[in-house]
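Below, each structure is written out as structure tokens.
Two complexes come next, and they have one chain in common, subunit A, joined by subunit B in the first and subunit C in the second.
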Partner chain A sequence: MGETKINIGPVHPSTHGVLRLVVTLDGDTIRKVEPHIGFLHRGVEKLVETRMYMQSPSYMEKIDYVAPLSYDELYVATVEAALGITVKDRAQYVRLIQLELQRIASHLLWLGTAINDIGQLFSVFMWCFKDRDIVLSLLEEATGGRMFYVNQRLGGLNRDMAPGFDKHAYKALDYLEKRIGEYQEYLESNPIFMERMKKIGIMSKEEAISLGVTGPTLRGSGVEFDVRENYPYYVYEKLHFNTQFENGGDCFARYRVRINEMKESIRLIREALHIIPEGDAIGMPIRLIGPQPKEKEVMVRRELPRGEGMMYMVTEGQRPYRLSIRAPSFINTAILQHLPKGHRLQDLFPILASVDTVMADVDR
Partner chain B sequence: MKINSEKLRETLEKMHRDGYKYLVKLTAVDYTDRIEVLYFIRNMDNGKEEIVRFDLSTKNPHIPTVLDLYLAADWYERELSEMFGIKIEGRNAKRLLLEKWDGKDPPMRKSFIWSKPYEGMKDEVKWAEKYKDDKDKKDGDQNVIRIGKPLK
Partner chain C sequence: MEDKPYDEVQFANARQEMEKLAFDSLKGRKLPVNAVFAKLSDVTKAIASGTVTWGRKNSLWPMQFGLACCAMELLDFGSARVDAERGGYLLFRGTPRQTDVMIVAGWVTKAMIPEVKRLYEQMAEPRYVIAYGECATCGGPWWESYNIIKGIDQVLPVDVYVAGCPPRPENLFGALMKLQEKIGGKIVENKL
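Entry: the complex of A and B
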């Protein structure tokens, strides 16, 4: 039988955005996948060059609309490093709590949509969205925003956590921990789920490192690397953070890493809420003309929900001369050229789902 | 680590043998008189990081591919060639990854022209040209192209 070329996307429910895949098939077996990206390219890196430092955070949030707070924080941290501003003690804790809440929200959305892609497990999708709403309500209480937050200011935050936040947070975290355990139990005893995740899209440790994949996708291949542990920032060192990793290298391992990360995040938030110091967490108000940058070039990395995000900034007066963004989804999407080879067409979407890409993050 | 652009392959091959097998990011900065290219590489065993950087001339810049060492370089090199007009030797990086453009004016270069009048609105452009000496116009302001014909 000859080779067949089929086109998937750019608008397809399972591509989570605008991604076009040209798949070459031999019968039902995938021989080649050619991803076409760029449908959402907005030129963020170029736009930033025309704006003052603190005009950009709200734009940074739109790079990854599933985890906006993480990107906002990454950008503000880069500016802080360039201007030589230290973050207030309490603000470090508050940021950490919000970042971990954002990670839970992002992973819950991933769990729901990924499982929806795999098969007829639509109830999990609804449950995950319902639970994600609880996290969003917490974030709303803490920051004032629901979809986008823009809560980071130089040296601190725009708004500290509201009084009584910890009480609500403990309650929500207890509930979430119970629910995540239930999902895990439900999914891992489901034969359809296990058949479609286990031994699909296997990536060895060497392959993962050479392909440069990052985040849960890298840790699912047995690489014990997490920016929070290897290059700790804020108070992660004080909180006894454990890197979650699995040795399987398949879709199931990547799923497991994310489930365990959610549990770890819940533990981290509880621990942080327990030892958070009193004091002031409010940062500098937004001024177009701020302090002069102290560093010519800075590089800041953070563990975003999708993987390691990095910003490299060259400064020039009150504007960034160049901002280079390492988007985790960009490098994770590139592996679609390699991973699905030899699999059947039906396995393409579990593989795509297990990588967890956000197309806005890919194209920037 | 600052190197000469001709020694890129040699240096990266040596670093790769030393365990720097993870390419974190490949990027460039246009300083108008030169283009600086940066390879962020990491040794995953001990977490050490190294930045390999070198300068290129702005006229006809080209670098050799490192795709055989780092598979991660695939899209990074294509992005670099597209955004900075740097030719990647030894591989086919012609198909544009993110943008659609004619290939004459790489978007991330500082020489990139930001605002070209939209050609479909020739009447309005002419009108804006006519009124470009407005009294309200300050130095450095861009012409505002108003949609619709002006009142007479």
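Entry: the complex of A and C
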């Protein structure tokens, strides 16, 4: 039988953004997948060069719009490293709490959309978005923005957590923990879900490492690597953080890692809220002329919800000379060329969903 | 069957009755032979136009077409908290041929222009466009970027603009209500 080429995207309900895939099929079996990217490229790295340091966080948030706060924090941490500013004690805790809340929101969105793709289990989509809204309203209470926050300042934050935030947070976390347990129970007893996730898109440990994959996609293949534990920042060392990983290497393992990460994040937030010190968390106000940079070039790495994000910055006076971003989604997208080979066409979407790419993060 | 809300005999004769009504209304007029059908369609149009406008207004099906950040709020719009079904805008369709409204949620790059145009052309008329968010309205934060068009209205005719970065899902609800007013023939007043 001859080979057939079909085109999926760039606008397709299941590609999570504007990703174009040219799939070569032999009957129903996938022989080759070519991802075409670049439909959302807008030149963030170039735009940053024309801005002062603290004018850019708003751009950074739009790189990964599912988890904006993580990128915002990564950029501000890079600037702090370049300018030689230390973060206030309380601000470290508040940032950690907000980052973990953002991770829960991001993974909940992933769960809803991924499960909607694989089996039209639309109820889970509805539940996840309802719960994600609870997390977003918590973040709104803490920072003032529903989706884009721009709350990080040099050495601290723009606003501290509102009084009474911890009470609301404990209540919401109890609820979320219960809900996530329910999702897990429901999904893992659902035959459609299990049939479409188990033993699909298996990636071995060696393959995962050699392809440079990071984040839950890497940890689903049995690699115990998490920047939060291996290269800890803020107060992750003080908290009892365990890296979540699974040995399966298939789509189910990647799903399991994300579920466990949400539970771990909930635990971390509780712990941080318990031992958060009193004090001042407000950072430096944004001035026209800020402090001069102390370092010529810096690199900062962080564990973003989608993988390991890095920023490399060369400084020159009041603005960056060059900013290079290692976007986790971009490198994770590369495995789409390898994983679906030999699978059926319908298995492409669970694989695509389990990698969790955000196209704006890929194209920058 | 007793469950049926209509009389079966009446239903079977409905077409004949309607034709009779239409012919009765034309009785006594001097018409050219071929014009009967034209007049008949006029009558049907007159009866139907109100109904069609009403139906068009109240069953807007948006396209499942997310570009960037605002698409996250678009998903929220369709989900549990905002509940778009109340206004009749629930059915997000995957194919442009089944949709009435295109919600452009996000920035449009030069690579994306032909795709967006093509999707718009594939939609069945009448079709409406909502520019959702800063980027689709005017370019937003990417105004200085080399790869972005400054607003979708340079490519497509826009019916409603929604401001915000990103606008809350409730704002999209408001925008679709404005679009309903527009389709229904009411003049949208600027009350500012």
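Quick note on the criterion: the second predicted complex is superposed on the first by the 364 of 364 C-alpha atoms of A that agree within 3 Å, B and C clash if a C-alpha of one lies under 4 Å from a C-alpha of the other, contacts with A are read in each partner's own complex, and residues count from 1 in each chain.
Throughout what follows, a contact is a pair of C-beta atoms (placed from the backbone, for glycine too) under 8 Å apart; a residue touches a chain by one contact, two chains touch by 3 or more.
Keep in mind that what you see is a predicted model, and the values were worked out from it rather than measured.
Superposition of the two complexes onto subunit A shows subunit B and subunit C fitting side by side, with no clash.
Judged by the touch definition given at the top, the superposed model places A:Lys171 against neither subunit B nor subunit C.
Of the two partner chains, subunit C is the only one touched by A:Phe125; subunit B is not.
Legend: residue contacts after superposition of the two complexes on their common chain; A:Phe330 is shown touching subunit B, with no touch to subunit C. By the touch criterion stated above, A:Lys296 is placed in contact with neither subunit B nor subunit C.
Contacts of A:Arg287 after superposition: neither subunit B nor subunit C is touched. Touch criterion met: A:Tyr65 reaches subunit C, while subunit B stays clear of it.
By the touch criterion defined above, A:Val314 reaches subunit B but does not reach subunit C. In the superposition on chain A, contact of A:Leu211 is made with subunit B only, not with subunit C. Look at A:His338: by the touch rule set out above, it reaches subunit B but stays clear of subunit C. Put simply, if you stand at the Cα centre of subunit A and look at the Cα centres of subunit B and subunit C, the angle between them is 90 degrees to the nearest 10.
Distance between subunit B and subunit C in the overlay is 8 Å (nearest C-alpha pair, rounded to whole angstrom).
Residue overlap on subunit A between the subunit B contacts of one complex and the subunit C contacts of the other covers 38, 41, 43, 46, 50.
Chain contact summary for the complex, subunit A toward subunit C: residues 10-13, 17-18, 38-43, 46-47, 50, 58-59, 62, 65-66, 109, 112-113, 125-127, 129-130, 132-133, 146-148, 360.
Per the touch definition, subunit B reaches subunit A in the complex via residues 21-25, 27, 29-30, 38, 40, 44, 47, 70-72, 74-76, 96-100, 107-108, 112, 114. Across the interface of their complex, subunit A is touched by residues 64-69, 71-73, 75-76, 79-81, 94, 106-107, 109, 111-112, 115, 119, 141-142, 144-148, 165-166, 168 of subunit C. By the touch criterion stated above, subunit A contacts subunit B in their complex at residues 37-38, 41, 43, 45-46, 50, 207, 209-213, 223, 225, 230-231, 299, 308, 310, 312, 314, 321-322, 324, 326, 330-331, 334, 337-338, 363-364.
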